[in-house]
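So that you can tell them apart, the chains are marked A, B, C and D in the order they are listed, and the count of residues begins at 1 in each.
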Amino acid sequence: MKYILAVNMKVYESAFGQKARELARRASVISSRYNGVEVILVAPLVNASSIAEIHDNTYIQHADSIGYGAYTGYMPVEALSHEGIKGVMVNHSEHKVTYRHLHRVIEKARALELKTLACGDTPEEVAGIAHLNPDIIAVEPPELIGTGIPVSKAKPEVITRALDSLRKVNPNIPLLAGAGISTPQDAIRSLELGSKGILVASAIMKAKEPWSRLEEFAEAMNNYK
Amino acid sequence: MKYILAVNMKVYESAFGQKARELARRASVISSRYNGVEVILVAPLVNASSIAEIHDNTYIQHADSIGYGAYTGYMPVEALSHEGIKGVMVNHSEHKVTYRHLHRVIEKARALELKTLACGDTPEEVAGIAHLNPDIIAVEPPELIGTGIPVSKAKPEVITRALDSLRKVNPNIPLLAGAGISTPQDAIRSLELGSKGILVASAIMKAKEPWSRLEEFAEAMNNYK
Amino acid sequence: MKYILAVNMKVYESAFGQKARELARRASVISSRYNGVEVILVAPLVNASSIAEIHDNTYIQHADSIGYGAYTGYMPVEALSHEGIKGVMVNHSEHKVTYRHLHRVIEKARALELKTLACGDTPEEVAGIAHLNPDIIAVEPPELIGTGIPVSKAKPEVITRALDSLRKVNPNIPLLAGAGISTPQDAIRSLELGSKGILVASAIMKAKEPWSRLEEFAEAMNNYK
Amino acid sequence: MKYILAVNMKVYESAFGQKARELARRASVISSRYNGVEVILVAPLVNASSIAEIHDNTYIQHADSIGYGAYTGYMPVEALSHEGIKGVMVNHSEHKVTYRHLHRVIEKARALELKTLACGDTPEEVAGIAHLNPDIIAVEPPELIGTGIPVSKAKPEVITRALDSLRKVNPNIPLLAGAGISTPQDAIRSLELGSKGILVASAIMKAKEPWSRLEEFAEAMNNYK
């Protein structure tokens, strides 16, 4: 299995317009260059379809637990495959949903052969989510998000306890570590702790050249072990 | 001034994929063919940027009262112009927001030279919204939305009272009539009552060929007076 | 007409238990003592019925736009009169609702002969709310709430512009000024600007003896003019 | 251990005023009369403090994950003990919250020695919640709530699978069965399936004399085994 390098583009300025498209182009190149790493772009709602046209492995940052219909301004899971989007992130720390919502989105995505990346704050939430069998789970202590203090250094026990949780409930789900991951070294440290990859945002999106930073992460992860 | 024919694509199946793009292509053609009518497509969040590439006059169905930043899965107004989107619909009956939200989105959109189409349920809400000076206001009695019973026939007083409200608060804002508008005749009846256009959804989006239905509306409105 | 001294108890520690009951007892005494002032306690949800047993003129801090039924944990307007509560505050800066919500709560309250105190951030929102004809409107610039910087001093134009708005839409609705009101002098300044009273929270609720502070405000307002 | 008979009063008309107080009085009598049954009243927000004065074992229907402070119209867990309330129900099917909310409310309640009754839709959600160690968990398939079709008859596997989940994660937490429980026989059937009690609403609250119906349930559960 490849290591997963998931970039949450959030809605930083660099997540839109030409800069976002350049990132998508480079993400594709980087994906082919480093065989041991899978690069996922988690795109904003408004341009996910445009990003997905450029980088094949694009997820969207949120979906609502609805189907097609009269739901102005909401995001049905069904629409994603028609727009070339490969997967959906759900329950991110900045966009928490109910367990019911999570359950419905994951079931619907599975039926539509879309991938799911579900986020949890804590090992307990990771365990709770694992019962729903998403494709990937990310653990991110909310107090570290955006701080530059990497979870892999400040709270390694969150990663190891989340891995314990997964082992008991559903050991096949790959765990990503997130929150404060700032350098390729932080990413490697997460892999050493047993995670299968990282969920990273500001370290890449706020870099002057997000694609260069992305490549540094990809190269380091590709060379690991 | 042109009459406004605003199509709320909602998240009907036809609002995504090839069918949506075909509608966008035709909307452009129809816009050039009928000089007296301005066709606005109000696109879903996920493909608004793609629709806007095809049909210039595309709005999005909702925006959040946030700026750029760490707001995973939300929709900052700032992003719209970078994605080629011309305007934002806000406070639709199916996506109600607080007055504070409305206020912030309208102010931010104005600063960015984006258009705003704000919706209200009642003549009272229309009056309330008019104090914020959006570019367009639509009035839609929620109990008629999606019923096929046109507001212009079932509740013409909602339109005329909303016009009275606007006259007192801000007479320059064009009013659209919406809810249950099913035929070009319903649209014409709305214009006769004094509205400057319509906001229509299911009558077009659920038609077998949405673009043909769109052209029928455009032609009728173009020929009026 | 009496001046209105409305105390938003919020959910400060002093809003619960014996301290809250003591405040309610004193509010009743103060009400009888100062004939020119109407003291309203705006109570938390959980003890509004208990506070209302002690102080007759008790409102609740929020109500949902629902009726009786299977709405676990929500607050139907209908329940209030059965629990001795006289009125409902709605759309406070810390608990914003949609215009539709506001509309329904105000209409339902009127039908049930309950009073309504609706809050707005700005003169524009005050105007918008006035179209719904609540019994009282309070204007509170959110940026001053809890700061101790009184609206009457820092942004007197918010009060005077809100009064202008009311004059145009519905001149009979009394306006309360709120946000940062810390001293009886701030209250008097608000009356001088044309308001009919104040909405005050931390200045009273965070005082060592909230009832003594309440009496100081009541006495000053009673003596004004 | 006693069987648990938890009555979700919801916001039915009978949950307020004199009828609610009569139910509280009788609940106390019934509690003393049937030693094998613990009667919990889950009261509306607005009169929970008044109900708790009459029936000692009163929970509230919802709490927010906040502390004391400037949160107008919200429900801090801290306030409950000052108002004589013994516990909090959280995440009911009609008032779903995020896992983070659930986590915070349960932790805060534990610190304050308040009981928690957490609800889940499915065996998966029950498992997820069990990782947080609330005092009681109730499982209620949302599609059966209020239908009169008892979960114990229509979907007994929901109860048995939820028990399996608990056995793996945290076998000490008592499980209540809910949704559609209409008769004392439905309650007994739930106990036979292994639950430790029931969560019931409309069957009692919509009865002409809720207290008589309550006694029938209590008597039957008391006599079981």
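Basically, a residue touches a chain if its C-beta (ideal position, glycine included) is under 8 Å from a C-beta of that chain, and two chains touch if they have at least 3 such contacts.
Computed from a predicted structure; not experimentally measured.
> If you apply the touch rule, which chains end up adjacent to both subunit C and subunit D?
For subunit C paired with subunit D, there are no chains in contact with each.
> Between subunit A and subunit D, two touching copies, which fits better, same or different residues at the interface, with half of the numbers shared as the threshold?
Same; most numbers are used by both subunit A and subunit D.
> Most remote chain relative to subunit A, going by C-alpha centroids?
Farthest by centroid: C.
> When the centre of a chain is set as the mean of its C-alpha atoms, what distance in Å lies between subunit A and subunit B?
Roughly 34 Å, centre to centre.
> How many angstrom lie between the centres of subunit A and subunit C, each centre taken as the mean Cα position?
45
> Could you work out how far the Cα centre of subunit A sits from that of subunit D, in whole Å?
Each chain's C-alpha centroid was found; their separation is 37 Å.
> Could you pull out the residues of subunit B that touch at least 2 other chains?
In subunit B, nothing touches at least two other chains.
> What are the touching chain pairs in this one?
Applying the touch rule to all chain pairs gives A-B, A-D, B-C, C-D.
> Contact residues on subunit D for subunit A in the complex?
91, 96-101, 103, 120-122, 124-125, 127-129, 131-132, 142, 165, 168-169
> Once bound in the complex, which stretches of subunit D touch subunit C?
My answer: residues 8, 10-13, 15-17, 44-50, 53, 60-62, 66, 68-76, 78-80, 82-83, 85, 89, 92-95, 145-146, 201-202.
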